[in-house]
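Heads up, the next two complexes both have chain A, just with different partners, chain B and then chain C.
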Partner chain A sequence: MKLATQVNRQLFLSLLVLGSLGCTQGEPPQFRLNMISMTSNELDSEYQQEIANVLSGLFGTPDEPFAHPATGLNQLKLDLASGPAWSDKRGYSHGLYRQHCVHCHGIDGDGYGPTAKILNPYPRDYRKGIFKFKSTFNAAKPTDADLHRVLANGVPGTSMPSFELLPSSEVESLVEYVKYLAMRGQLETELAAYVFDELGVEEVEDESGTVTEQRIPFDPSASPDQAEAVLDILSEIVAGWDEAGENVIQPAEDAIPADNRSDEELAASIDRGRELFYGVKANCIKCHGPTGLGDGQQTDHNVWNKENMDYIEATTSMADSLANADPETEEEELELDREWALLKSREEVSDTLLPVRNAVPRNLRVGVYRGGRRRIDVFHKIHAGIAGTPMPGLGAAGPGAEGTISEEDMWSIVDYVLNLPYEAPSQPQRALPTNHSNITQ
Partner chain B sequence: MTVPKSINVAASRWPHRWAWLLTAATFPLIWWGGFVTTTDAGMAFRDWLTSDGHFMLTYPWLSSTGDKFIEHGHRLLAVLVGILTIGMVVVAYRCESRTWVRRYSLLLLAGVILQGVLGGLRIVLDERLAAMLHGCSGPLFFALCTAMVVFTSRWWQVQEVTRISDKSHQTATNSLARLAIICCGLAYLQLVVGAAVRHARYLTAPSAATIFQTAIYFHIVLAFLVLGHVLLLALKCFRQHSHRGYAVALSLLLVVQIALGMATWVVRFGVPVWATNIIGDVGLVNVSASTSMAVIITAHVATGSLIVAMSLAMALRTLRQSSFELPKFLSEQGKLLEAHA
Partner chain C sequence: MSSKFHVIPASALVLTTLGVLVGCQPSTDLGPVPSQAAAEKIREQLSGDSEGGGGGEAAEVGTGWATLKGRFTFEGQAPEMPAYNVTSDQATCASGGAPKQETIVVGSDGGLANVVLFLRKASRVHESAQAPEEPLVFDQKQCVFLTHVFTVPVGQPLQIKNSDPVGHNTKIDGKNGFNRTIPAGESVSFTPKKAEAKPASVACSIHPWMSAWMMPHDNGYAVVTKPDGSFELPNLPAGETLEIQVWHESSAGSNGGLVVNSDQAKELKWDKKGRFKIKLTEDETKELNVAVPASAFSGG
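== the complex of A and B ==
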């Protein structure tokens, strides 16, 4: 009986622990604010909450996204991609983003999912609306086809997998959701700047002539001017996405090399490409190194790391200047107190940022091309550069503009780059046609 | 530790056979459960005990595809294991003379019911913590089934604990038992941390990144600890000429598991940069939801369960040969068990 009593007691305790499982059920996930934007624009917690409310009204929540008519996004696709992962009775998967993407790209698309810190390179932060691998001009947004290709092919040499086994409709839903997160992130940054520039406190004179300071709330639902401003900002952001199709780089037909070139023609093109690679105009060796190993300059940063780095440096510099501050008046003391509070919040944000990494130029001798290994992919990179990175473009900056070099020359660089893995760095090929037998197509 | 002196060597072999059957049926269930998490099919159905409104046994499983096929297959196999566990209780009560073994079979039954309830809670609450607990208690149940195999084995029944006059030999045996217990404990801890690694990547709370990073750090540290302890255990087994087969098997499993762990990292996250600095850029693209990715990752999970089970079997066997001064409350339990036997 004693034993039975003891066993019963232990069983009861275990059931109690299990029963408490229901009490630990998590809250639905919420979008988090871009604290770099918020603190850089010195927004207090009230303005932060107001911005969060506006974003929630315009874009919804991670479980219930809203495709605002101004965005042109497809609500059905967003519904499939959002929320917790589950399957309906017809077998269609829901919660695609939560299932496939959130562990790296994060619930906000900020590139800081649970696994981000152990990955190199870091997952993409969508919130700037900047994407590296696309077919459009440098400053333009990617097309849906560009995003679809990245999802379908993955990014070789990184942790980004290929989702080619998913049905095309699911990939389309994910593309829509990525655009949704990007637009939302861009709007958040713009709203923070708008609130800093336009709102804050205003001086109000009452009937007795006393002037007091009054905080201007950010509430577009109560202020038609604010509502119009917000929609204008959103429209401009959306326009960038809508115009992506018009910004696709179309190579000139007469500049595209023929498929049936002879070995001598190919060799000549490769030689021309080598000349340009080492030349002053393209100056590829500055970053990719004198033998294309990626060992040129390696100290630059891409825009995502640069933002973090600048933020940390500005915070450190602010700390130094505040440490030496010597207020003389009461007003200056109050201002200093406010700055110390701002510094504290900046330091808290700095502590959460991923360690800053340099943008290391690609080793061109291993045949690993993150943005795609088709000739047209390499052409796009040389023409437009890689958006968000120090890789510059040599082609026109936009439709109708002039580039640094001609398209024929760009195709020659493509030929040279694609030939580099077959060219031993210790035995640089002489620029003579007799070497063409060593070239593999 | 004292045991009854009279051993019935003509005892029925059915409890042992049935224990083997149950254990052999549970291992595929561990695999299949691993597949459910790897393919994130846990919420393929939002209902439980039914499956999309169908009674579990009449759901058109063979006509289903994708995550519904995987999740429902897991449910069906779990039903089979549940039935086999009930069978274990029946066989134990009919064929087993030792009362504590019969009661242990009841513990197994409670375990499988608890495991089913945890699985159901995961669905009903859509709670990932329940999924993680389910993933930790499943291998524990598998290990307990393995223990039943050991308890019902002829080896266990003919072992008699004698007071060995050679004190150093007894000390060495006791030390082996202690090390085996530590190995088992570390292996299970590593499994739990591995479950945290698997499930933490889906968390969306602000603390998710910290939880995952902590889990993966400890998972790597514990891997070295487990490997070190198992190799030390193997060394001691060879020195004492006891349980060498088990030691070799466990060591080999560890080596396979470490290799699978590295493979799991590569198929999930790609080749790490420090490795590409040695071997060069690889240009690997992992295909999400591919069979090879799912098999490698799930093999790592299943081998972990096998290591826990095998190390528990080894710990029990070495304990059987040891003579410890038990803490008072345990020795009282032992006396109670004897009184009820």
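== the complex of A and C ==
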């Protein structure tokens, strides 16, 4: 006992000495690769290195971002948002992303900053280029104004605070940087698919007719075909951002409820909304539950969690397959070795993933609206659904298309939803039961 | 008393040495660090006004057209498909018992359904390969998508139907992102505009067991094997090497590539990505019968 205490004390003091020595100046931070994309496409370390090089060529590093002309991004804004956080003599802030965002959203914008593990919901991973709170059609990117609004207002009911106190120019720089990380992340995933699809090993026949296997390197600076393909992929991603403005949902003027509705008119609209909420057309009840507490269908996932879940399941299934494998030939044995190595790298990635969480439909009775509580914000959610989540839309899928229900009806659902928290005094709603046994994995 | 003070620095020294060796090394889980020289070269090449432009070797182009047809079969005992876990709307969705999963569908005569075959790159496209204007009906009944795997030319409208008395929503992943409620007994129109490199997942959030796959393509050469395992790809470019991708949702290969290792497959240079190469002569109808072993499937 006494000995143990002494040892512990020694250890403690030793660690203190060690801690005080510290490490020398750290390396500048680097973007890390999206290992789900890399291993899902079976890319070896050589291809990973080449993809890192291409991404660095097109987007630079966390300390020195590059606004490639094809992205249309503003270099000055990126410079202000990136790099280490500091203030210059005039008091202007630099390194805004690392000052305000990185601890949750991570250096890569992968939503895996140091705090991610303890937050619910998890911070957004920008790398899919999918954003939930926006004014555009489901499949479209958000506008700058949408991202600006999220930064200014925060996301109520989550850990995302408001940055309203920052000067507008700083918020604009951060919006630019978020778009930068989103474009970069999406390009990374698509490059991984490109390398899997188009490159790899090819058989080459020399003059004597001998066939050898040759690895096709991924180096767009040496291959005009690859350069063209990479720029095509990038342009398609950027086009999505450029088209966001054309994809804003414009509510029809004649369907927007009048500002001066009488109590009776409002009550009638709320009644209509209630009917739709419970009906088989709008079908809101299925997920938001018979009492609007969000206690309906709770076993689905958003795209971010689903990707992790599918990855983990595929890895487990691969482990089962390999454990039962019985190679007969030398060739099969070599193949099996390759698969074991792949499995090992997949398992390493699986171990780093955040626990998978279900998509829990919103409790509509608490009066907290993540995407904003303006009538138009709620209208956009009902019209387009919420991108990346199970929430479907009721409106047209794109400009000019037809919706499932009329816009008048959608506005009535808005009235009903916004009225839900204001219950009759005689009928207080119970809170959602805390025993979510049916929504854990 | 004094001996204690001798001990502490000694262990500290050991730990410090360890620390220097381990703690201050750049962490290895960061993955590869980009090479600055390579990145600069790439930036220089890819930021200029000139796009370099093509320049690749001219692909061989043949003349005329040919057909590839055949049948996929499951080798050995077909796996028993478990029932879906029907968690809601039991009256509609499980009136006759919960429906069976469709991750591997094998017919009574061993035919393997739901294999997708598509031509990766078409040097030329037959005039018959126009996207039809009449919509392709994609229906759901008893909370099952009636077409489990389908191909659709970009530009052809989908008529997403709901033949159930309960509401559904149809959520399509991938480049043609879509998520809409489909009211009971009604249908919604949607036109995929972008081709994919592999089938995209189709799901219903209200009934999460519901699953289907959609392959939008832009060259007209994409087909799904029928319940008896048969398929036909007509009007393929003849006289040139075609690379056909073979995909199955439960394939053990990456990205769904179905890998077959038979002697016949070796002749076709069937690779680990589930692709084979074939060259057809003009007006030829090539018959291709493929037996797929259980090991080609995930968990098999």
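Worth a mention:
Everything below uses one rule, namely that the second predicted complex is superposed on the first by the 400 of 441 C-alpha atoms of A that agree within 3 Å, B and C clash if a C-alpha of one lies under 4 Å from a C-alpha of the other, contacts with A are read in each partner's own complex, and residues count from 1 in each chain.
Criterion: contacts are C-beta pairs under 8 Å (C-beta built on N, C-alpha and C of every residue); 3 or more make two chains touch, one makes a residue touch a chain.
Source: prediction; values computed, not measured.
In the superposition on chain A, contact of A:G154 is made with chain B only, not with chain C.
With both structures placed on the common chain, the touch criterion links A:R32 to chain B and to chain C.
Taking chain B and chain C in turn and counting the residues of chain A each one touches, the greater count comes from C. Contacts of A:F163 after superposition: chain B is touched, whereas chain C is not reached. In the superposition on chain A, contact of A:V54 is made with chain C only, not with chain B.
Look at A:V102: by the touch rule set out above, it reaches chain B but stays clear of chain C. After overlaying the two complexes on the shared chain, residue contacts for A:V366 are found with chain B alone; chain C is out of touch. Using the contact criterion defined above for the overlaid structures, shared-chain residue A:A85 touches chain B, although it does not reach chain C.
In the superposition on chain A, contact of A:D197 is made with chain C only, not with chain B. In the superposition on chain A, A:L119 makes contact with chain B only, while chain C stays out of contact range.
Comparing the two interfaces of chain A, the one with chain B and the one with chain C have residues 11, 18, 21, 24, 32 in common. Within the complex formed with chain C, the chain A residues making contact are 6, 10-11, 13-15, 17-18, 21, 23-24, 27, 30-33, 35, 38, 40-42, 45, 48-50, 52-58, 60-61, 66, 68-69, 138-139, 193, 196-197, 200, 203, 219-221, 224-225, 227-228, 230-231, 280-283, 286-287, 297, 299-300, 303, 314, 317-318, 320-321, 325, 352, 385, 387, 390-394, 397, 401-402, 404.
The residues of chain C lying in touch with chain A in their complex are 4, 7-9, 11-12, 14-16, 19, 23-24, 26, 29-36, 38-47, 51-56, 87-88, 165-167, 169-171, 173, 176-184, 186, 188-190, 197, 205-208, 252, 254-255, 269, 273, 295, 298-300. Against chain B, in their complex, chain A makes its touches with residues 2-3, 11, 18, 21-22, 24-26, 29, 32, 62, 84-87, 89, 91, 93, 95, 98-100, 102-103, 107, 112-120, 153-159, 161-166, 363, 366-368. Interface residues of chain B, counted against chain A in their complex, comprise 40-46, 52-53, 64-68, 110, 114, 117-118, 121, 125-130, 133, 200-206, 208-209, 211-213, 216, 268-270, 272-273, 276, 280-290, 333, 336-337, 340.
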